[in-house]
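You will see chain A twice below: alongside chain B first, and alongside chain C after that.
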Partner chain A sequence: MSKIFGVALGILAAIGGFVDIGDLVFNISAGATFGYQLMWVLPIGVIGIIVYSEMCGRVAAVSKKAVFDTVRERVGFSAGLGALIASEVVNLMTLAAELGGVAISLQLLCGLPYRWLLVLAVLGFAIVIWVMSFEWIERVFGYGGLCLLVFAVAAMKLSPDWGKLGNGFVPHVAQNNSLLYLYFVVGLLGAAMTPYEVYFYSSGGVEEEWTPKDIGLNRANAIIGYGLGGFFSVALMTTGAALFLGHGISPEHLGTIALGAQVPLGTIGLLLALVGILFAVGGASIDTVFSGAYNLAQFCGWEWGRYRTNANAPRFTLTWIVLLVLGMGIVMTGVDAVVLTEYAVIFSVVALPLTYIPILLVANDEQYMGRHRNGRLANVLGGVYLVVIMVVALSAIPLMILTNVGQN
Partner chain B sequence: MTQIDIALKVLDHQILDRDGRRCGNVDDLEIEGGPGETARVTAILVGPGVWPQRAGWIGRIASFVGGGRRVRVPWGEVREVESHVILRKSAEELGLGRGDDRLRPWIEKIPGAHR
Partner chain C sequence: MIRRALPLVAALLLTGCNGGTVDRHDLTKDAGTLDSIACEGALVADGVARSRTTVFYAREQAEELRIQTSNLAHALATRKSIPSIERRVREKSNEAAALARVLQRLHDHPSDRTVGADVERLLKHAGNCP
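The block that comes next holds the complex of A and B.
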């Protein structure tokens, strides 16, 4: 019984970790711009994050090491330091984007001024992290994020063209506007495989004190949790396609995304969508803030983790507080959350190889992993995805420049 | 296992004290023995003070930001080398984890610090 419970909780956490502001923005926009044509990218992204999360979860269970421990061990000090700086910059951008999303959804819910709500939200998160255990943080935001299921109902009610939707899963390149199409391919992959997801997932395994006995649990969490996350993505893209395509609407505001549920389902749809967005993006804020603190602490060898008390991991605690304040500061400048999201996703794509290569190396290390090291399937998939990630990482910035950040 | 193998297994790894507390990474190794002699690891070196010799200018900047402290732990204090490097004594006795120890009283001033 407790095992089923454990799987259920892990799945929730995985959904919470998967659907964030990047997924919301890129999926709805992809649907609004290209209809169902980009559906095929979603399974590719989801399988990629499953493969690498499973791997780093297994490494955490067997060796008690999280991603940035392995980064430093495997690529050495100076390349590791470079990876650390890159990951912290990208993480902070992502955090700011998520915090902006939280403030917008709060504003749409209650109408108070944006900056006040931002401060309140950041204070709220700080208190939540300070008093709640790791498991409870995951549960609360995971359950709340389930409200996003409203987009699945909305997608059904909008009676999508099932034939076109099915055809969208067949990989192809668009005839017209192919640069923008490729930009969306990169963005959707980046949103699905955001690096903070594996930082958080692996450190979470250590937080929950996984042992080799939990390897089955890890696999179930990764496959079912991220699989369901992928289902949410399909629903979002379908909503975008069925509602916005051909109307010249590009969802440049989070409110437009919530409209996707309001049009077919009325006020209750809108409320559920906003609450779902609030919890999903709020959960992602906490995930990114933790990821930034995990990475720095692991690189420097400091004590870390919420499973220690706040006072027993002092520099870790200080780091997440500072990151929350910095993230808030960025949003306070008035930068647009959706624009920031696009930059965060594209830059995180560039940082992906530095994160994934050490995971693949350590998961293959017989001395650490013993009989739990990668099997053939994990290695073939891991290798294929490494190539995909390299191609995507190299093309991300040129595509961003050529399409003017997806504006044409 | 040869000395070189040990060095590779130890460098950049997490250090735990005898109570399992994380107290730094192995930032560098002190190795004795000239050309033609058998090389021997005599100590592990820990702390931002070691970083400049690892990563040039960027290491110097990181070292400056990190406070530049450096601690030498004699190899005899290492009890075990597994996926972590485990020490015989507590972090405090060896002068490790000082940053955490100095910050802790400030964190403890906030209610609920031990939750």
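The block that comes next holds the complex of A and C.
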């Protein structure tokens, strides 16, 4: 019974923790720009993150190694260093965007000055990371993120065109502006398969001391948690299509997203949306901070993890503190959080192969995995997604330039 | 290596720039942005008019939209444009400045239902909103 309860809690946390600022920005903007036409990208992204999260969770359970342990071992120092630098740059950009999102959400909730709220948020995160256990951090922010369910209610209240919504799940080419359409395809896939999610997921598996007995738990968490988390993405895109497209609005501010719940549901919808965004983006801030510290510590062979005391993993602790300060410094320059999010998502797409290729290699390695190595289904899906990832990674920067970061 | 990376860096920097001469495409795009801001502002104002929002949200969101509109008005007023559309560009700049003033009213009175209704009407008209 307690195991089922544990699985349910893990799934709830995964649902609430799936959506970050990249998902919020790209899903709403995609709906506001192309209506329901891009719905088909969402299940592709969600299945992709399920496939690779399950794989790296299984690797963590069997080999006790997180992603960057295996990157260093499998691809060597030079290539591993390249992957590390790319992932740390993308992580820092994502962290800054998430911190900016937290400050904006707080400002919309309480009206205090943005920069003060940013400093308060960073201090708050430092205290939370310092004193709270890994499980409770995951749960508090995951459950808070569940307030985003308000967008599902809002989407229903906005009376979407169900026929068009259903048709949107059938892959098709754009009816107009095909370059921008492709840019959104890349952005939506990048937002769903952001590398920090698998770094965090696999390191969490090692932290929670998963064993081969937990492979079923890992699979359930990945499939149900991310699967239902994808439901949020559908709700967000539907809200964008049903409200903003009809009103001719191109959302360019994080606050506009909350308007999607305020218009159909009033003040309570607005407050739930803002609290949901705050917790979802706040949780993602902590995930990215941890991911950055995990990656560096694992690559360098330092002691790492929240299950060690801060004094027992001093370089890991120093790394997450430095990352928080750097992230805050970037936002303090006045850079727009939404613009930064778009850059972070697109650059994370470029770094996707560096993350996912080593996972696929290790999950197939009998020496590491024994009888738990990839089966036929995992290999077919992993291979197909690797091709998708390569194509998307190669086209991300050209599309960003050609569409002026989605502005044309 | 560095020589190969330079064009990419230059291209990346250019994607973030909003300078240069205003042409017809830029003008159409900026006009679309202004309509979008007006329609979004109208929705925020509608929330104020019907007491379906919070004071902080209405105030801060109106301020964000006002800053964006003011920046656009300034850019349209100061950037060079191709001669055939110069008058139209200046008109758009004046429209943007007027829009910013309306949004400033919403920012200053985020709980006043009368102001909310008036601002909503003005913004809907300005942005040709549904």
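In the analysis below, the second predicted complex is superposed on the first by the 404 of 408 C-alpha atoms of A that agree within 3 Å, B and C clash if a C-alpha of one lies under 4 Å from a C-alpha of the other, contacts with A are read in each partner's own complex, and residues count from 1 in each chain.
Here is the rule we use: contacts are C-beta pairs under 8 Å (C-beta built on N, C-alpha and C of every residue); 3 or more make two chains touch, one makes a residue touch a chain.
The shown structure was predicted, so the numbers you read here are calculated from the model rather than taken from an experiment.
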Check: Following superposition onto chain A, is the placement of chain B relative to chain C best described as a clash or a fit?
Finding: fit
Next item on the list: Name the contact category of A:P171: first (chain B only), second (chain C only), both, or neither.
Entry: neither
Notebook entry, point to check: Should A:G301 be classified as contacting the first partner (chain B), the second (chain C), both, or neither?
Noted result: first
Next item on the list: Return first, second, both or neither, reflecting whether A:G76 touches chain B, chain C, both chains, or no partner chain.
Entry: first
Checklist line | Contacts of A:P113 with chain B and chain C, given as first, second, both or neither | finding: neither
Note to self: Given the overlay on chain A, how many degrees, to the nearest 10, lie between chain B and chain C at the CA centre of chain A?
What the structure shows: 130
Note to self: Quick check for you: in the superposed arrangement, does A:A313 touch first (chain B), second (chain C), both or neither?
What the structure shows: first
Next item on the list: Would you check which partner chain A:V131 touches, where first means chain B only, second means chain C only, and both and neither mean what they say?
Entry: first
Margin query: On the A-aligned overlay, A:Y368 touches which partner chain: chain B = first, chain C = second, or both, or neither?
Written below: first
Next item on the list: Look at A:G216 in the shared chain and tell me whether it touches chain B only, chain C only, both, or neither; answer first, second, both or neither.
Entry: neither
Checklist line | chain C versus chain B - closest C-alpha approach in the superposed model, Å | finding: 13
Next item on the list: Quick one: which bits of chain A touch chain B in the complex? Just the residue numbers, please.
Entry: 63-65, 69, 72-73, 76-78, 80-82, 130-131, 298-304, 309-315, 317-318, 367-368
Notebook entry, point to check: Of all residues in chain A, which touch chain C in the complex?
Noted result: 107-111, 246-253, 255-256, 258-259, 262-263, 266-267, 270-271, 274, 397, 400-401, 404-405, 407-408
Note to self: For a test of understanding, state which residues of chain B touch chain A in their complex under the given definition.
What the structure shows: 9, 12-15, 21-25, 27, 46, 48, 51, 54-56, 58-59, 62, 66, 83-84, 97, 99-101, 103-104, 106-108, 110, 112-115
Next item on the list: Provide the residue numbers of chain C that touch chain A in the complex, in ascending order.
Entry: 8, 11-12, 14-16, 29, 32-33, 35-36, 39-40, 43-44, 46-47, 51-57, 59-61, 64-65, 68, 127-130
